[in-house]
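Have a look at the structure below before the remarks.
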Amino acid sequence: MQLQSLLMPSVLFFLLGMLAQLVRSDLKMPPELVKSLTVYLLIGIGIHGGQQLSHASFGEAVPALMVALGLGVIVPVIAYQLIWRLSQLDKLNAVAIAAHYGSVSAGTFLTAIAFLESLNIDYEKYPVMMLAVMESPAILIGLYLANNVRNSINAETKGSVSQRWSMLHESLTNGSIVLLLGSMLIGDVVPEKNLQSVLPFFQQMFMGVLSLFLLAMGIEAGKKLSDFKKTGLFLISFGILVPLLLGAIGVTLGRELLGYSIGGSVLVGVLAASASYIAVPPAMRIAIPEANPSLYLTLSLGITFPFNVVLGIPIYLYFAQQL
Amino acid sequence: MIGVKRIELVVESIEKNEVIQQLERINIRSYTIYHHVGGSGERGLRDGSAFGEKFENITFVIACAENQLKSVIETLRPILKRYGGMCLISDAHWLLH
Amino acid sequence: MIGVKRIELVVESIEKNEVIQQLERINIRSYTIYHHVGGSGERGLRDGSAFGEKFENITFVIACAENQLKSVIETLRPILKRYGGMCLISDAHWLLH
Amino acid sequence: MQLQSLLMPSVLFFLLGMLAQLVRSDLKMPPELVKSLTVYLLIGIGIHGGQQLSHASFGEAVPALMVALGLGVIVPVIAYQLIWRLSQLDKLNAVAIAAHYGSVSAGTFLTAIAFLESLNIDYEKYPVMMLAVMESPAILIGLYLANNVRNSINAETKGSVSQRWSMLHESLTNGSIVLLLGSMLIGDVVPEKNLQSVLPFFQQMFMGVLSLFLLAMGIEAGKKLSDFKKTGLFLISFGILVPLLLGAIGVTLGRELLGYSIGGSVLVGVLAASASYIAVPPAMRIAIPEANPSLYLTLSLGITFPFNVVLGIPIYLYFAQQL
Amino acid sequence: MIGVKRIELVVESIEKNEVIQQLERINIRSYTIYHHVGGSGERGLRDGSAFGEKFENITFVIACAENQLKSVIETLRPILKRYGGMCLISDAHWLLH
Amino acid sequence: MQLQSLLMPSVLFFLLGMLAQLVRSDLKMPPELVKSLTVYLLIGIGIHGGQQLSHASFGEAVPALMVALGLGVIVPVIAYQLIWRLSQLDKLNAVAIAAHYGSVSAGTFLTAIAFLESLNIDYEKYPVMMLAVMESPAILIGLYLANNVRNSINAETKGSVSQRWSMLHESLTNGSIVLLLGSMLIGDVVPEKNLQSVLPFFQQMFMGVLSLFLLAMGIEAGKKLSDFKKTGLFLISFGILVPLLLGAIGVTLGRELLGYSIGGSVLVGVLAASASYIAVPPAMRIAIPEANPSLYLTLSLGITFPFNVVLGIPIYLYFAQQL
């Protein structure tokens, strides 16, 4: 692995976006463009995943799905314990942050794929299913933990049963999940021949669009990063060390439990290590209004995301190669 | 022209449906909505930027009869209490047509 | 600061040019416009969504002198009559600069 | 024609959009993206059409244009009679709805082309010109009918002469017509060699972009569909049976009068059967303020459009094959 | 409900940061912002269209206590003087929560 | 050079946009789409330029950069003298307009490249660096001239030192400069192999996207053009004759001083002749609030831009061929 081959356009565009913020440039991406890029990327990744799955049997996917669910349930619990014990944050803020780490970041996942492909490293096809499966459970665990906390402190704002149902509904019908699963299904059922017509758009353009998306994310991360004085040193270390820990766990699970190749294990590591910044924040805003959004947004978007994209992924790869 | 109360409610956009449902319960079905509203208050900066509406405010403007004001206020207050926001009430005249 | 009338007019966006032309006829050339305004009223939900402005409202805010109010009202009323909408009038002070 | 070959990505994305609404997902497409996709598709179809026309003589196009104009004039009249006689709607609402069926839906037309291409069925090049020609006349007919109705009921809101002119102007300079005709002209006059540089964008991406567009349309149709309890059973049947009737007429005209192949006749059928949901609704809102927009929008976008995209097109093909 | 002053300031969007900074100097950190606002006034038409925000207006709505009004006015007036705009002040009631 | 080969899609789409305004069509491009296209084009041109520069030595670029800086400084001074002496405008309006001509229009530059490529005319790789360099200086010169004028008339609104710094900062960190320079760097440092993945998006789509952009610019230019009655005859001639003069100077500098080929000289001519309509107008709005924005916007966007795109570029080519 030569150093030069680490120079990937997508990561460099991410850095360019952060740099633009750093020098206080007025560079902006139109908000609707960023949302459009997200839609495109989710469909692109879905179709590609579905296409690959059409050659697989469902049975083979079961272990991957079990691991995904397991991660989605256990990661928030671990993260919660870590934050609450080690920081001075109150329990509800700790829950809200923890839930973000239980979920995933599609942007990080895609960067990892671009990274593996630029190094010609193969990877298994199941992690993309895991990505889809892992969006939701952490939200529900977050809600569950929050209710426990509230019961223990007899809080007024106890979530009602109807609220639980609405959170369950919301976490399962979240736009990005619907897009991802729907596109996977389409990629799976449409005969190869018919799929050809849409691939120039959804596949050949993919890496270019990803660069544009990461440029926008760089700008957003840069904005959040400047908030990090307020966040305090503990949270910054948390935002770096926890992904490292979770990434190691993920890679190990991929390698040892699922028996994946190096590439596939890196992807499982990334799923574990990455924190959601699209689906989970609004869910936590509704479920835990007492928590401070700028804490969890800064952590997931301003610290963990840049860390993973720039340093984490190569580290997980290095780790997987040592296993 | 008749006198009405003009209610200007700024809340987080994720509460949009909640507000509409609560208003419907007290039979208020007329309102105007502004999306993509930014702001700053006790709960920090609100600015959708790249992540869209979910981190933005919306503004409802509701013109209602004087005698409806009380129930509107009672309906909106718990929402404001839970998630913050601003609610201004002023006098206005409604141009009959 | 001088006292003015603040007129807040919510109409369908397709009437934008009509409103501007009618206002110009009575020599009102200063106004502020808000686009992409949603709403609900007697004529149902107004929500541009995917089809853009044509199914949305716009809001005009017009500050005018007391003595202009009558002609503004007379100008706006027929438009409101034909296509619906809301027009609120209130008192305000204009900060001279 | 195997059933599997009916599995087209674009139609499946349309269904995905509807499904997302059905399960009340928060999946949304940025409004400016949808408008951008429309601009792109109109240019794409225009360039492609123009390119093909550059090999044709104008004389050959005349019969197609005559049929297009004829459909644009007669369809609203038929539709008006059907609605007014069979439903309980007042005359002005009937006129407003009827005008929508006299015009066309470019989205339906494009889906039909994708459908034919996926089955390797050839089609004539003139229907795309008919598409351009058919956008406007129905609006004018609608205005004419509305004025007749108003005269007969001595309504106050009689359209003035200046209003007629402005409607005429508007129906001829409508953005989508200008784009479509302009791009056709460009595709026609630009030498093949010069056109090459823009084709990767406007042609290779086309089917992928169409899928994205239909996803958005599925979401919109899904929203409207949920209004259909209010619409009543008559209008629902109307929204399905009228396109079937008009489609049959269109296919027959294409096959018998214009002497087109099966593919070309299907396209003529689609032009007749589809209802406008972009150009005509705002025009009717201005011309007939008395009519209820939710009736015509629900019908054209919530019922006829999904019906045509999912079932209508294959039915018109079947019908054309039987002729 | 307590009485407040409602300040509605329409200025060119390029002055956004300037206005926010000036307000912060007098300890006003709560406001609501509307972007992409069009308008017409002495300095002609304001309409971002294709070139985006830089040729558009923005609107600040600020609710402040009566005794803060004077310093707000003094802060905003020089900005209005240099680049134009509109500032309306009216009375409103703040719904306590 | 056959006349037919002048029929370029991008220029024709520009004319289509103007025409649409002329017939008062309601054709509109979503504002966020236009901004997105700008972002895309700047990145595309940057990557391409960077890729080419990676084969060059920095030393070779120095003369080009000197000429670019020279033009950025001298052009506003010349333009200012011309306007102030020949028109009835006051000095501050003259400065504001002059600054626009000292900067550049990436849209015009790209059209020139498309033009050269459609004629298979080669060009040097340095002008794209000049483009990046020329965005800023004119803004600073404009500020400097404005302060001089204000000192001479003892104006109240004298720019403060802090304002000068903020203008300097703003002119150097302007979004389009950051994007252009950043993408050039990325195109330069990323190994060819890694760049391949993003080229289908940023390179193959380029000319198509440019057409879409020019369509939007045509609409904007058309809007401004209709203001030109207010602008007066002097300014209209100014908006045509000054680019001709500057274009001739630029071509000559390219040919004689830099020793470029015909293609490269045309590009230098275009850099000199084109006026900014994105970066400079807001800068002048802040720096010279006394000046009337509709004057400089109409000139740069409504007169000079269309003139250059449609007639200027071929004229500069003709001129370069005669040298």
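Structure notes:
To keep things simple, chains are lettered A, B, C, D, E and F as they appear, and every chain counts its residues starting from 1.
One rule holds for everything that comes next: a residue touches a chain if its C-beta (ideal position, glycine included) is under 8 Å from a C-beta of that chain, and two chains touch if they have at least 3 such contacts.
Worth saying up front: this structure is predicted, and the values here are computed from it rather than measured.
Graph distance from chain A to chain C, where chains that touch are one step apart, equals 2.
Relative to the C-alpha centre of chain D, the farthest chain centre belongs to E.
Two chain pairs, E-F and A-D, are compared here, and A-D has more C-beta pairs in contact (counted per touch definition above). Put simply, the chain farthest from chain A by mean CA position is C. Mean C-alpha positions place chain B and chain D at a centre distance of 39 Å. For this pair, chain B with chain F, the centres built from the Cα atoms lie 45 Å apart. Residue numbers of chain A whose C-beta contacts span two or more other chains: 29-32, 35, 205. Looking at chain E, one finds that residues 34, 36, 52, 90 touch two or more other chains. Contact residues of chain F toward chain D in the complex are 4-5, 7-10, 12-13, 16, 19-20, 23-33, 114, 117-118, 204-205, 207-209, 211-212, 215.
Within the complex formed with chain E, the chain C residues making contact are 1, 4, 6, 20, 29-36, 61, 63, 90-95, 97. Contacts from chain C toward chain B in the complex involve residues 8, 10, 34, 36-42, 57, 59, 73, 76-77, 80-81, 84-90. Chain contact summary for the complex, chain C toward chain D: residues 12, 14, 43-44, 48-52, 54-55, 82-83. Interface residues of chain F facing chain E in the complex, by the touch rule stated above, are 29, 31, 34-35, 157, 216-217, 219-220, 223, 277-278, 281-282, 285-286, 289, 292-294, 297.
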